[in-house]
């Protein structure tokens, strides 16, 4: 299955050794983004992947493309337009100190200013079996919104699978209210086959009511299945974080039209607090593309999410062998 | 309230990535010191701060001043005398391996050789509402001792608030015995309004007896209030470290003439084992300068101390927003 | 003389050791800009300096302010507006390979979106004797253009000295033609006392004709004096670069209303190819503020420009002692 | 007691800050190996140590020798032959992500191609009281196997103490089966006085049966004493790792011909997952060389192993003072 | 034109900042090799390129592949065999101090142990128009020699262009004498269309006599044309280095069957002394593939070689724009 | 010949990449000193060397000793006393910008406070054939002066060779005048066999008159031979620096009782401006210890001095092979 993604390439600038911005003049530069993260991980799992996006025609654009290739992603659908790359600075947290992200220039980025006319969707879709569309494109700009809708519709019409994640960021939606975003989500969901999200996305963004006569877990199951039926979604998946005393756990869930599976919770050990969601999504897409059982898929995807937290940066670089290792030999902490 | 401090600027040289000195040729250079730490933190809280000290008239002196300015502290009262900056090498500990500090040349530093004649205390005090005097000045040299006494007396006479910390370091007091130090403390305390210390400072350095008829906690309360009354101290504050199984907790306490509050213990996660005491002091001084309640003050100051342990170096760079965040949303470990 | 500047603080991101962007993940972060550069240098010469600009209210804005303070510049007139800092990536050249600069997001920066209403010019000018206005503000956005005009006019009216540099960048003026820029320059020049520029600025931007009956050097002198008379300019200064075989030389020139001096050319040895112009300007402003003779001023300013090329980054950190050293003892290459 | 070792010097190349190989172009270079590790630690304990090995006659060989000297080991018995140094890349694990070691070129290394004729065993043994022979020499090549046998025999004949560790690595023994290795072990053991190993080495490699009528702990004691009697071994020692919930503990054991002691388990905090076994061995050899009691020896050696996990790299650099500190003042985590 | 290469991927390990191996524990890791260098440069010129080689099936092999992709080279013909990657340590020279290269393990590398049976030449050649075969494959091992011959023959038979460079390294040919190497060269040359070499390769390796009745330059021309005719070579190219006082110049030459052009010598400024030959070859191949005139080609290729010396590492990353820049605007040393 | 030295081990702290102290928080730590430099170089030439000095009994002292061993110098005569190591910060110059050295704490160093009673000169001299005494010991403190005199006298009495260098530093002699230093030099010279110095040392420090009837070069020859005769010096050597346009040359000279040789001047290319004098001295001592001719010795020593300028840090790490290479194949700038 040829898997592609439509989304932004961003620069991530990170001070070394948990330093804060005021403490250092050194930064580590990585290229990242939801699409980059998911595809890179799938490429490390052995899949053929391709990213559809635009970059500026300058030295930064070239460096970004080189980095994407290094991650194993094909760069042939990366075009040129605009003049900027969005960036974010990540001051890495430690213990009780949170990781602090500061964004720069997302809306004016090459991706942000590219509308549908900047891409050749037809040619792109010819080479694609499944396309992931990052929900941030619905929040970013009018251009990215329009491009996302047209791409989703075209893909759906051609019988390609469409994967979508809500990825709602309050900081990107201060101008438009929730009701504006609800409209956007409602517009794209009918084209989608796989959706990543949470119960809150359904209740707060789509304003779907919970059936409060049921117990908590059943409420969740019921609302998800109601949502999936309404939009004809084949797979709905996401992660849940739990805090128990001073420990922190990750669990993944996955619904198909009939069933619902949850992984055993795994304790989170954080080297980097960003990127586990994309790793989880990559795991689910791998299971989907190879028709694994739901339970096999959630267990693998959750273990993959856990591993992503032990890797610096948002880009998960795990291989199948590494994920299997922590599932099968969790106490072997040295391989030689 | 314009807050100032009198104390030494030191160089801290730290190997990267928890390496020991033999393992690396790379060191990180920071400028630090009790005064620097407390004022920098207060500046990050929005206070106007100024440091009174001396540095050599050379490239290191200039670099030290630049660093102090960067931290938000005014450098106009930093004078020139002597030829050296005291330094220390910090081999950062990890797990059971302790952080190992090696000092170089403290007594011969520009600060160490500067007596009262090297400073213009009157002009300095005109611009100051509260001055922090680091207890190390009583241990360091005859010159610093004399300067500290004269400054404390002048400040007190002018109605400025004087803040003092015991900061007793056995390694700096091998020549003089305890009784010598007791005399020095007794000489400065009558000028002081706020004091940072511990029960041990009162019993072992001032040789005050405990009232053993009381239970442990009451003993503490009674001796502190007796001490405060004797020297007319308005605020007495400090921190207590507790070990419980393999965990490590920090609690702050704060007395005014009538009451006594203790913060809820917070677990310590160490990126750097040096500097929490100064962060706690900065928190207390902030609460004092803004007339917060005792309990508000200890809770904030303790959270600030905890954050300081998650920041590399001794200089706490926390803002009010960051401290409030871990008090109010302790499980939100990623802000974007 | 209290010297201030109005201009942008930018982030400069530089790969280490002459690497190109594709070759590294490490970048060095500096905060820079014409105003920052000139004021930092003047502060290192012992002047009191202050920067008028705006930064975003986030972690990057705070880090930028801390950096500006470290350089010796007062930060009290640095306000908050907008959400971004403009940045540029500098791939350092080596030998025949040129230094390559790639800009990101200049027009959307906090400075770029701040118009006159975002500043308190009156209060600022009360504390200022001379204000430097960077010519880039005339190219950047409508908001910066307007702010520059109002500031220049107010300063002039209050009898403050106004210093202006042409600093024309073709890449920032692709939309507007030369004739648009000519109008802008003509609008600001009547308020100016000191101007930095070149013969080409006069002929190509202001479209002033050369008197071709004179020999080359006289042509230059005549056009400059004509320009100075027209706009009542007290000082006109700039630098000339010469290539002779494989060597590269810098000469500074300086006009007052009557005379004209040129420095002896000095060979350029480049550690960093950016920032010599600002160092030259700082040297001229120092001479001006201390009423040095023209020839003393150009010689000092040119030596300072040469030194700036031996310092990494655009910010010249030279002291008077360092400039005097290379003027007086050029063969002493080790000081101990 | 002059302690020497016969074994390989390897290069260890480690990405910084827990990065994986794909994520960085920077590597840290260390020289390591079982002999290097044990001798370096003994040198830090104050013993006189010397390494017998061969290196290539090139820049890498010289750098390796310099590094070994820096660690406190005499380099006079390091000869020259062959053309390569074996190396390994260590991608440091974090939390559930295991440390991943990738070897390069062990069998073709200078050590790997050196047989007995490349060394002057007689002269070497004259200056040696105890020689440690790393079990890897029995797995590596025909040349190292032969050299190890001849050295062990000569040492034994001369009345020198011989110390041996099993150090069985499946990845080095894929060609030869277990029965081949059993023969090798049986050939060297009669010359040995101290042996480092585990119960599994006795049951799986030497194929000795357990006496299953005994309870587990007694089984272990019985098989070890049977083994020691058979080969006339004076000391048998090793470590055991235990997992309890999410914690990880280290215990050392030590047998002489009559008794058997086990240290209290200590929790492992890992900065580096490689090298604790060699640190444990160094602790046992120190106790042996100074005739400490068994229990003193195991407690010290286990604490030393724990410390080794908090030091980057495989080479334990602990001093007696550091080991005593964590045994006596485990909660003092800052020494100044 | 689809250009491919057959050759080794090596690790290059370089100490930073001109340090020697004894002076540092930090190394920079790059993946390099004649094929990698030429193809990467052609990819940066916009060509489609692919590398045929083998790597070990481990973490280093994966990292090497990722790096090759980052450089713009397709990795689909990179197979898996053997267990090692050859490496070299480059201690960078400065001024009179030469760059010192130390090799490790070339002959045992995955490439060194792979014979023709390890590759699918037919499928590879189907996608290739021109294949570059590095002459080092004739020196390395019996396996690489055989593979090179079979590949050259197959390519020639299929009408593909074959490019070959002599690349004779005395250190790799100590075992075999010159006459052995002469045979190998004579065996491959009949299949070749483009050859990179020097006059010395023809006289010393092929033992062709010079016609000493001609003047020096004519001798060169005559022997090259005689060589080209004998083996039916279409293009012969190479570089000449000249020393004039303390300067160092590079000139390229290029022959087709009729003409001969030499570039104007360009002064060398060295950031890195390795890799200019491969950059020159890439320039020639670009001109060849786009049918430029000889003189256009040598001028471009020589300028490219000069630029390669200003880039760290052996891999030339120059774009057409950069090469044109130094040809057309050599004094513009700052682009913004 | 066993060569030893008596002198200080200092810490050198150097910012990377030619940065100035204000520009960075990273420093490189090296251990250096005249004795360290000369002995390290002789050890790299294959000599057996040993350093006599004292260090503090702390982590820095241990790290210094480890570094000295790494350089190839025996550490058995390095004792323990005092509490500090002298240090200096070297801001590396570039082009016209000079290298700027800032000292810290030389006189209070462990070496500075150690008098003759802190060393066992007799045992040390038993193992020594030639001892180098750094002239700085005569300037540093009363303790080092006394120790130097006693050591020189004892060595001379025992028939050991004594080597001395003037090494006059005005900054260390501000308190004492020239006449004081003259006395010290006159006191030690009668014990010396080899002396390193310059004509200025003889005229300005020893106040010997020039014979102005001779021409310049003869004046030099005459005064040196007069000096050598007076104090019975066997060898007098030193270096001369010449500036010619923008180039910089080094020449070495060497006198025995009869002859006088000067090396051909060599152009200096500076990576580091410190340490060439010590490299020159090491070259002369090598020639002396192996009885080379004067001209062989000066040529080698001068080439060695030139190489030292291409190596970062003051410690020359050159081997005989490297020195011979630049003497014999100066245009071969890449060895592989």
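We just call them A, B, C, D, E and F in the order they show up, numbering each chain from 1.
As a working rule, contacts are C-beta pairs under 8 Å (C-beta built on N, C-alpha and C of every residue); 3 or more make two chains touch, one makes a residue touch a chain.
Model, not experiment: these values are computed from the prediction.
Q: Would you pick out the chains that touch chain A and also touch chain B?
A: C, D, E, F
Q: Centroid from C-alpha atoms only, then distance chain B to chain D, rounded to Å. What do you get?
A: 46
Q: What whole-Å value do you get for the distance between chain A and chain E if each is reduced to the mean of its CA atoms?
A: Comparing mean C-alpha positions, chain E is 42 Å from chain A.
Q: Roughly how far is chain B from chain E, going centre to centre by Cα mean, in whole Å?
A: 63
Q: Touching two or more other chains, which residues of chain B qualify?
A: 17, 20, 22-25, 66, 70, 100, 270 - these are the residues of chain B that touch more than one other chain.
Q: Would you identify the shape of the chain contact graph, picking one of line, ring, star, complete or other?
A: Topology of the interface graph: complete, with all chain pairs in contact.
Q: Taking the complex as given, what residues does chain E use to touch chain A?
A: Going through chain E, the ones touching chain A are 66-67, 69-72, 319.
Q: Give the list of chain E residues in touch with chain C in this complex.
A: Those residues of chain E that touch chain C are 16-17, 70, 266-267, 269-271, 306-307, 309-313, 317, 322, 325-326, 330-336.
Q: So in the complex, which bits of chain E are touching chain D?
A: Of all residues in chain E, those touching chain D are 13, 20-22, 24-30, 58-60, 62-63, 66, 84-85, 87, 89, 91, 100, 102, 104-105, 108.
Q: Hey, which residues of chain F end up touching chain A in the complex?
A: 23-25
Q: For the complex, give me every residue of chain E touching chain F.
A: For chain E paired with chain F, touching residues are 17-20, 22-23, 88, 93-101, 103, 169, 171, 243, 246, 248, 270, 273-274.
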